[in-house]
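Presented sequentially are two complexes of chain A, the first with chain B as partner and the second with chain C.
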Partner chain A sequence: MNTWKRPAGYILGILLFFAPFAYYQKGLNFLLNTNVAAEIHTFCLRIPLQELLTGTAPKILSVAGVSLILLIGSSFLIGPFFCRHLCASGALPEYLSKLVPNRFKVNWQKAVPPVPIRYGFLIGYLMTPFVAGTIACSICNYSFLQWLIIGSVQQDIGVLSSTAIITSLLWLILFGIFAKGGRAYCSYLCPVGAVQSAIHSIGARLGFTYKLRYIPKSCVNCGKCVRICPMGALSQESTGIHYTIHNCLTCRQCEGVCPRKAIMFGQGEPGWVVQKNFPQPAPNKILEEIK
Partner chain B sequence: MMSKSSTLTWGTGSAVLVNVQSILNIPINNCSGICGSCGGGCAIVGLTIAGFLVTNYFYKSCREKSSPQVHNTTTPQEKIQ
Partner chain C sequence: MKFMKNKQRHSQICAGLLLILGFAFAINYSYYTKAAASERGNMSLSIFSEALPPEEKPLMVDRASLGQLKNLVQPNKYTARYTIKNESPDALLIQIKAVETANKIIFESGAATFEKPSDHLSSVIEPGQSLRVNITIDLSNIPPEQHLIGKVQIIDQKNDILLASTPIHLMNSNMNTTTTQANEEHHHHEGGSK
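After this line comes the complex of A and B, so read on.
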């Protein structure tokens, strides 16, 4: 994949989804004859999901409803398309982290298992209506990015709560600039990514869908794909490369860096070594050795 | 492989953390937090950051206690590069 395509997609994502631009919401408003605010929150995944879970009839012909259908459909057929091409909130810390030398970065995915946490957070978000939660949106990087964009464009920074300040530190600093790959936030705390990964893991079982495919015969186990993966979805074992589909945004950087074309994005059998459980986090393995 | 109980612990802990404000009944108005508007938000984000830092510290300390073989995880290809 050409190096300019990814940044161009993320800039397009800013124009499509974030205020003051939000051309996606404005366009859907025009098509559906609705009048929702043209900003990132009206596109929020949580609105239709919560309507479904709380028994409220979800409005399919709304900005949130159409967006959910597009998100689920694209994830099933071609993987996390939104994360891969359009999500500027995930891309910003990844690109910022490239400015920092690796020795200052923490490999969070090695220390803390990402898959149970990202699905746990997703379940927690969906549980909020049942436990009368009101501030599940506390950890939202989309809000903060929109605040940054509005502040930059309109020269008006407005008011920022302490929660937003701490969240921005988590998103941009701890899980961004000083994280290996710069996408620890996506790995652990993004419910939009978790939904897409869950659906992609189901869709990838079918032959006609697009997914990352692995050809073990071609693999020389050089580990370049493991090092470039921003999500920590790949691990190098003696038997070859192991893949965690639940933590992959199919950015295809592994495909681009592979010298033998052992990883390819396309239709067909996945070819990866099947892992029935999630990868063992390092501390547990080490503790067993100590015992 | 990660055991099912460990997966459940991490997952449940994360799900509870998102709802810690309602579970602990932290007031969302006029709290004594930094900004004075929403103490729950600070609690959630603060606990998340603290949790990750503690776990990473725990991981590093475990790695130091373990045998030197665990440190030496670089592949021959990595050494060459």
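After this line comes the complex of A and C, so read on.
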């Protein structure tokens, strides 16, 4: 995958969903004859998830309804498309973290397995409207990015609440710039990403859907894919490369970096099964051969 | 074999504990969000008719309501949500403006734009509809003895009639409590010496 495609997609995401551009909301307003504000809050994918449980589900023919259907459908057929191509809020810390030397970064996903926390948080998130009140807005890194875009032009960041300060510290600093891969916030605390991955894990069982496929006989266990994965979804073990689909955004960086094309994005059997007699993590000699 | 089973069991227990941790974080953050919501003011008013005298409801800005983090990062910026409902049978073309202000008060409504928000805003409210306005108040350099820091006026732009007015009062409930306690202690001490 070309290196410019991902950043170009995220810039498109800013133009589509974030004020003052928000061409997606403006376009849907025109098509559906609705009049929602053209800004990130009206595209929020987190609130409709809670509304499905609280019985106030959005109308199908509304910006929120159409977005939710697109999100679920695309996750099932081609994986977390929104995270992979359009979510600029997830991408910003990933790209910023590339500017920080590795010795200052924490490999959160290796230290604390993300999947149980991710889904524990998702369950808790869905329950919050029944407890003290929703946290959809207080964990919102979408709105923070919108403030950054507008604030950078107005030269004023606006008013921050205590919860916005906590969220920005977690999203941008602790789990962002100073995290390996820059996507620890996505791994642990994004309910939209968790839902997409969960749906993708079901869809990936079917042959006609798109998913990351693994060809063990081509793999030399060099570990390049593991090192580049921003979500920590891949790990190098004696039985082969271990893949955690529940924490994968299918960014396909592993596919791009694999020298033997052992990982590919496409239709068919996933191929992620435990291998017997798998090559031990590749010694330097093999790595040199690959180079 | 036994080692493998133990390892599997150990990882299952760890996963269960982490699941509970993620769940507990979300629930606790929900309680924190609820507690921190008080640092944002909330005010709503209804406009029934131009013939009625203008409604005057104060907005209390309490410095003590700001959370510790907010106090640390941005102690002088306060925000309140102001909801105006048009209960009259006609559409209202209104102007919201800040008057008699000690510091900057700005208004924002609808989708954000690159245009800087200002101290006045115009909008049409259809009958039965509401307009939501975010008010940002700058609290820097206001002396502690000053209580009235400005007024928000809602004016009918068609005929320049004042529809409603909201005086904004600054207070610090912590300081008031401390002062009251100090006064009480002082009186108690005086009483004892008599």
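Observations
As a convention for this text, the second predicted complex is superposed on the first by the 261 of 291 C-alpha atoms of A that agree within 3 Å, B and C clash if a C-alpha of one lies under 4 Å from a C-alpha of the other, contacts with A are read in each partner's own complex, and residues count from 1 in each chain.
The definition used in the following text is that a contact is a pair of C-beta atoms (placed from the backbone, for glycine too) under 8 Å apart; a residue touches a chain by one contact, two chains touch by 3 or more.
The model shown is predicted, which means the values in this text are computed figures rather than measured ones.
By the touch criterion defined above, A:Cys222 reaches chain B but does not reach chain C. Applying the stated contact rule after C-alpha superposition, one finds that A:Ser235 touches neither chain B nor chain C. In the superposition on chain A, A:Ser161 makes contact with both chain B and chain C.
After overlaying the two complexes on the shared chain, residue contacts for A:Gln146 are found with chain C alone; chain B is out of touch. When the two structures are aligned on the shared chain, A:Gly120 is found in touch with chain B and with chain C.
Applying the stated contact rule after C-alpha superposition, one finds that A:Ala111 touches chain B and leaves chain C untouched. Applying the stated contact rule after C-alpha superposition, one finds that A:Leu170 touches chain B and leaves chain C untouched.
With both complexes placed on chain A, chain A has more residues touched by B than by the other of chain B and chain C.
Of the two partner chains, both chain B and chain C are touched by A:Thr128. In the superposition on chain A, the residues of chain A contacting both chain B and chain C are 112-113, 115-121, 123-125, 127-128, 131-135, 138-139, 161-163, 165-166, 188. Partner chain A is touched in their complex by these residues of chain B: 1-4, 6-19, 21-23, 28, 33-35, 37-38, 40-42, 44-46, 48-49, 52, 55-56, 58-60, 62-63, 65-67, 70, 75, 77-78. Here chain A touches chain C in the complex through residues 19-20, 22, 37-39, 112-113, 115-125, 127-128, 131-135, 138-139, 146, 150, 153-154, 156, 158-163, 165-166, 188, going by the rule given at the top. Interface of chain A with chain B (complex): residues 106, 108, 110-113, 115-121, 123-125, 127-128, 131-136, 138-139, 161-163, 165-167, 169-170, 174, 188-189, 221-223, 236, 275-284, 286-287, 289-290. By the touch criterion stated above, chain C contacts chain A in their complex at residues 14-27, 29-34, 36-37, 39-40, 66-70, 73-74, 77-79, 110-114, 116, 136.
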